[in-house]
Amino acid sequence: MIIIMRRSATEQNIEAVIAKIRDMGFEASVSHGTERVVVGLVGKCRQMDAAGQFRSLPGVEDVVPVTKRLFHTSRHYKKENSLIDIENIQVGGEEIVVMAGPCAVERSDQVFFTAMAVKEAGAKVIRGGAFKTQDTPEDFPGLGEQGLEILNEAKKETGLLVITEVKTPQEVELADKYADIIQIGARYMQSYDLLACVAERGKPIMLRRGIMSSVEELLLSAEYLMNRGNNRIMLCERGIRTFETLTPYTLDLCAVPILKRLSHLPVIVDPSHGTGDARYVPAMAKAAIACGADGLLIEVHPNPKLALSHGFQAIEPQQFIDLMEELRAIARAVGRRL
Amino acid sequence: MIIIMRRSATEQNIEAVIAKIRDMGFEASVSHGTERVVVGLVGKCRQMDAAGQFRSLPGVEDVVPVTKRLFHTSRHYKKENSLIDIENIQVGGEEIVVMAGPCAVERSDQVFFTAMAVKEAGAKVIRGGAFKTQDTPEDFPGLGEQGLEILNEAKKETGLLVITEVKTPQEVELADKYADIIQIGARYMQSYDLLACVAERGKPIMLRRGIMSSVEELLLSAEYLMNRGNNRIMLCERGIRTFETLTPYTLDLCAVPILKRLSHLPVIVDPSHGTGDARYVPAMAKAAIACGADGLLIEVHPNPKLALSHGFQAIEPQQFIDLMEELRAIARAVGRRL
Amino acid sequence: MIIIMRRSATEQNIEAVIAKIRDMGFEASVSHGTERVVVGLVGKCRQMDAAGQFRSLPGVEDVVPVTKRLFHTSRHYKKENSLIDIENIQVGGEEIVVMAGPCAVERSDQVFFTAMAVKEAGAKVIRGGAFKTQDTPEDFPGLGEQGLEILNEAKKETGLLVITEVKTPQEVELADKYADIIQIGARYMQSYDLLACVAERGKPIMLRRGIMSSVEELLLSAEYLMNRGNNRIMLCERGIRTFETLTPYTLDLCAVPILKRLSHLPVIVDPSHGTGDARYVPAMAKAAIACGADGLLIEVHPNPKLALSHGFQAIEPQQFIDLMEELRAIARAVGRRL
Amino acid sequence: MIIIMRRSATEQNIEAVIAKIRDMGFEASVSHGTERVVVGLVGKCRQMDAAGQFRSLPGVEDVVPVTKRLFHTSRHYKKENSLIDIENIQVGGEEIVVMAGPCAVERSDQVFFTAMAVKEAGAKVIRGGAFKTQDTPEDFPGLGEQGLEILNEAKKETGLLVITEVKTPQEVELADKYADIIQIGARYMQSYDLLACVAERGKPIMLRRGIMSSVEELLLSAEYLMNRGNNRIMLCERGIRTFETLTPYTLDLCAVPILKRLSHLPVIVDPSHGTGDARYVPAMAKAAIACGADGLLIEVHPNPKLALSHGFQAIEPQQFIDLMEELRAIARAVGRRL
């Protein structure tokens, strides 16, 4: 439960709220936001009853029960959008940031060719998996550190930043050495051991929503990362599992305006995993920009049919170049640039 | 199962396919499309075995097992987009058609005020429920025929066409008298008795996807309508039920490019029911246009807080006017107009 | 919202609650249960605020916001199980009632043979569809009135009662003439027009949960029927739609103890539709009895492979006879009989 | 794809199948089961086409495309039930094995009291979490190694075996030292790094189905474990996420007969997590036994209201004792014992 104080609230008002929380046997966490003070009641209490008790105290503007566990990630804590600076780029601002590349790093020429093409088209970050989350045991596990070296070479050649995904503490250590953004995959969104390990590196984090995770649970994991002192968090919608079977996942684009309303963190959409089908990637990429996404993660492969991982959802470099043109027009239409 | 003949297929080739189907104990339905002949095998057969037998016949280009039950609605039957003419408007063409108005017709002034505002902003059709599908028994049931009269008056005043929803044969009869488009609601998408009753009126039909219906089931219901001779069908995505609870439904926007790929019928999106929350309607309306929707159904109410039905998902006239400006920019960006 | 009065509450206490409800602009519905008086607040109010106001009034025991719309169906209204008498049988008591028969009535000998077999094995009711809910337009639509006549003949021969499903007012009229229990199908669970039409006939009703309907929505529809004066309602769990695809539906057996806790109405389970696969029907029938179901609806067909409807989920008469033996043992183990 | 050879198949027949697989560019994995030889085609091939080619070879009985990736876990590989011996108990045989204890190990007296009560009632294994999977960051993380020591002490006192859950390699090492069964939680069901780490310890494994994982995905993870040489795998159904919100999960009991048909591995049901509500645990435990489960995992806490983790789903020792009596009767009714 979060108790939002009025702008006009005095120190005494705030102290009284804190005292009441302690009287009830809970802990209070006070946070001085840009506009006002917000007091968090930490612990589980029967919210309905407690809310009424605080609402009547002097200086209290509102009591928000539903987001009680969301604090640093919420708009109550920070009203304006968070701008995340990563070397020479900024995520969350007027410019839409596109990250593109193969699902898995396979060979040096595959990555270089793709990197040059997506750079040319306007992408700012190269993506590529070195440690793959396998759908089945026979799936390609990735090249490991060698894959990271290839990505790093591509960075040197093109100036693109590098994003890559991790699953274990050892992988975090390696990714920290080679990558600019560390990605936490959908399957590990609630693995708090891994989250803690990534957070303490201090690198920007791409946190992907689990296929069975609610928007609130995504924010709770982001909250966990922020509680460990890492503020450079990007949230990624990549599709949820539903009864529909024509696509492996249902891309929940409404999560974009919901997340933008509840949180100040940037929101990225992955239309490649989110649809699982290259034929729908352009349409969903355009829709993502139209509804307010701050960036995109798109799988591009020089020859999708030969890809070792998820080839059916990767688009070809030429398609990517054409798509970027279309995205640019949409970005302009919504008052942004790309 | 559909057997697609080559363009070069001779009459004898086609006859041989039909003869084989009959030998197997099934019926054949031959359809002369704009480009080629397509032969449907009617009845349930073990598809995998049968497909092989037809593929080797002369003049056969492809055998499509998965869409066996989808025929008139499919791109195999009609390659180009269907253009649906309704009095002075056309749905499915370059122009995006917006239909707007209150969830339920409540009073004459409510409808007139809304109609004039949405007309002014560029809407072509006024929506309004006279026979409401109630979520709970206490919900407002609608004004019945009186509601249709009010809509009809609004049409006379503004020139807007009228769309309204029906649930029973008696309502179909009344709607046929007053409305230009008859809407079949999500809950009745598979009520074939009602579908047959609506189809035979010959009026254009808006067919809404059920909240637990797959894209294929939506097309099957459209197929049923087309089999009864009505070709003026519009498909409407309005949200499906998933585990996410921040919104009552998850708007499945990927259904738009999927439907456009599989079918020649126009696709309309309803961001009002699809999100259940007025705060997300503008973002989702923009996304719908960006990913290829041919039109929108938007709930507008002069005073949402006083609405008798679903007020929390209706936007105000001024918001609608602003939204239309934004939609116009997106439409231009994707090469269409509004 | 329901305000539950103490047993010791005086008439004045009750009047004060009613007066307060009216002061707030709502209607009060007073109900004298077997144990105590319950006052319903009809209309939508911000529950959290209102609950507190009533809790402090004299004579008030509890305010139950969550089930505000559930009244006649709830245990607050009627503490003991409802016993539903239908001619010579009773549903909801110690005896578990099994209803069995083909999905669709196809021919007279099919029904007679099945009826005699299930009667012999201990079933009390013959089921059979005369008006089929089709999954696709090509599915068998049923024999109509002729099918009802066949069921009625089978009743005369065997003494089994008849249950059959309806979709339209005309079908309700015919079913009322020939059947002992009228079934409302999953797809029509929220078609209030149809519900009203069935309720007023006064016959016992089997209300099936929609594949996309929550347990609360099922109870709301039952509430609607009871509000129209029909108390002989049986609730039927028949599977919901989820992401799992090995079976077409996921049988939600936990709905049985939930419904038994919240409501006094009998709960029936349909393992045939609920699994969609004859191989899993015996296991799920046994589980249903073990967790407290008051009855079962099982599809039995003399030759499932030749069935015109849903043959893959029907078991053969001999399997049914064997299953009944197993069910008898489970019933005894949970202190009931069959 | 699996090619099942006839019992009468000769060595030449088998060689011919292997040669054909290699000709097609795939690898063959030959497995000599108790009854017949089964040849697996490893790699992704267009199954429909390939199946026909093998079906016509001499000595081939059947080609099973759908379970191509399931091999060691399938009934094709091992027809009879796997019996898993763990010290003095056997899982998968006639006797139903109940594992019970608190969600989290909190204190020594809590575990001892519970252990003695569940032992007395007939449980064979004590459960207790030392490394908790937290739903939110504030949740109790568990006592770590100290918790394992407490469980081990309880084992010495009561003779109960110990099951505990792990999330990281370090936890696997500790659990291997203290526990008899290592549990892989729902959230980690597809974390192949962790699976590999657990498999190589050689200890019996309880593999829990993910809340958004299909039955087939559960079997794929079990396959992964068996491929690493560990055959003592138990599969655990613990509820999936659906649209229903009255319970946090929907217990998919039909997974029990499905898993028993597809696989020879024992199936355990966890009605505590599967319902998330102590009030429904007894009903679902009974249903699980009735539909063929080989065992149960039940949360028991001396004082659920004071539990540090998931108290609302734990039953009290006396309830457990009563429940075991009821389960015994059901077990007898289905020809088993407990």
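Just so it is clear, A, B, C and D label the chains in written order, and each chain counts residues from 1 on its own.
Criterion: contacts are C-beta pairs under 8 Å (C-beta built on N, C-alpha and C of every residue); 3 or more make two chains touch, one makes a residue touch a chain.
Quantities reported herein were computed from a predicted structural model and do not represent experimental measurements.
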Most remote chain, CA-based centroid, reference being chain A: C
Computed distance of Cα centres, chain C from chain A, in Å: 45
Mean-CA-position distance for chain D and chain C (Å): 34
Geometric centre distance via CA averages, chain C-chain B, whole Å: 33
Set of chain C residues in contact with two or more other chains: 212, 241-243, 245
Graph class of chain-chain contacts, one of line, ring, star, complete, other: complete
Of chain C, residues touching chain A in the complex: 48, 51-52, 241-243, 245
List of chain D residues in touch with chain A within their complex: 42-43, 69, 133-138, 167-168, 187-188, 190-193, 210-212, 220, 223-224, 227, 241
Chain C - residues contacting chain D, complex: 212, 214-216, 240, 242-247, 250-258, 261, 274-275, 279-280, 283-284, 286-292, 326, 329-330, 332-334
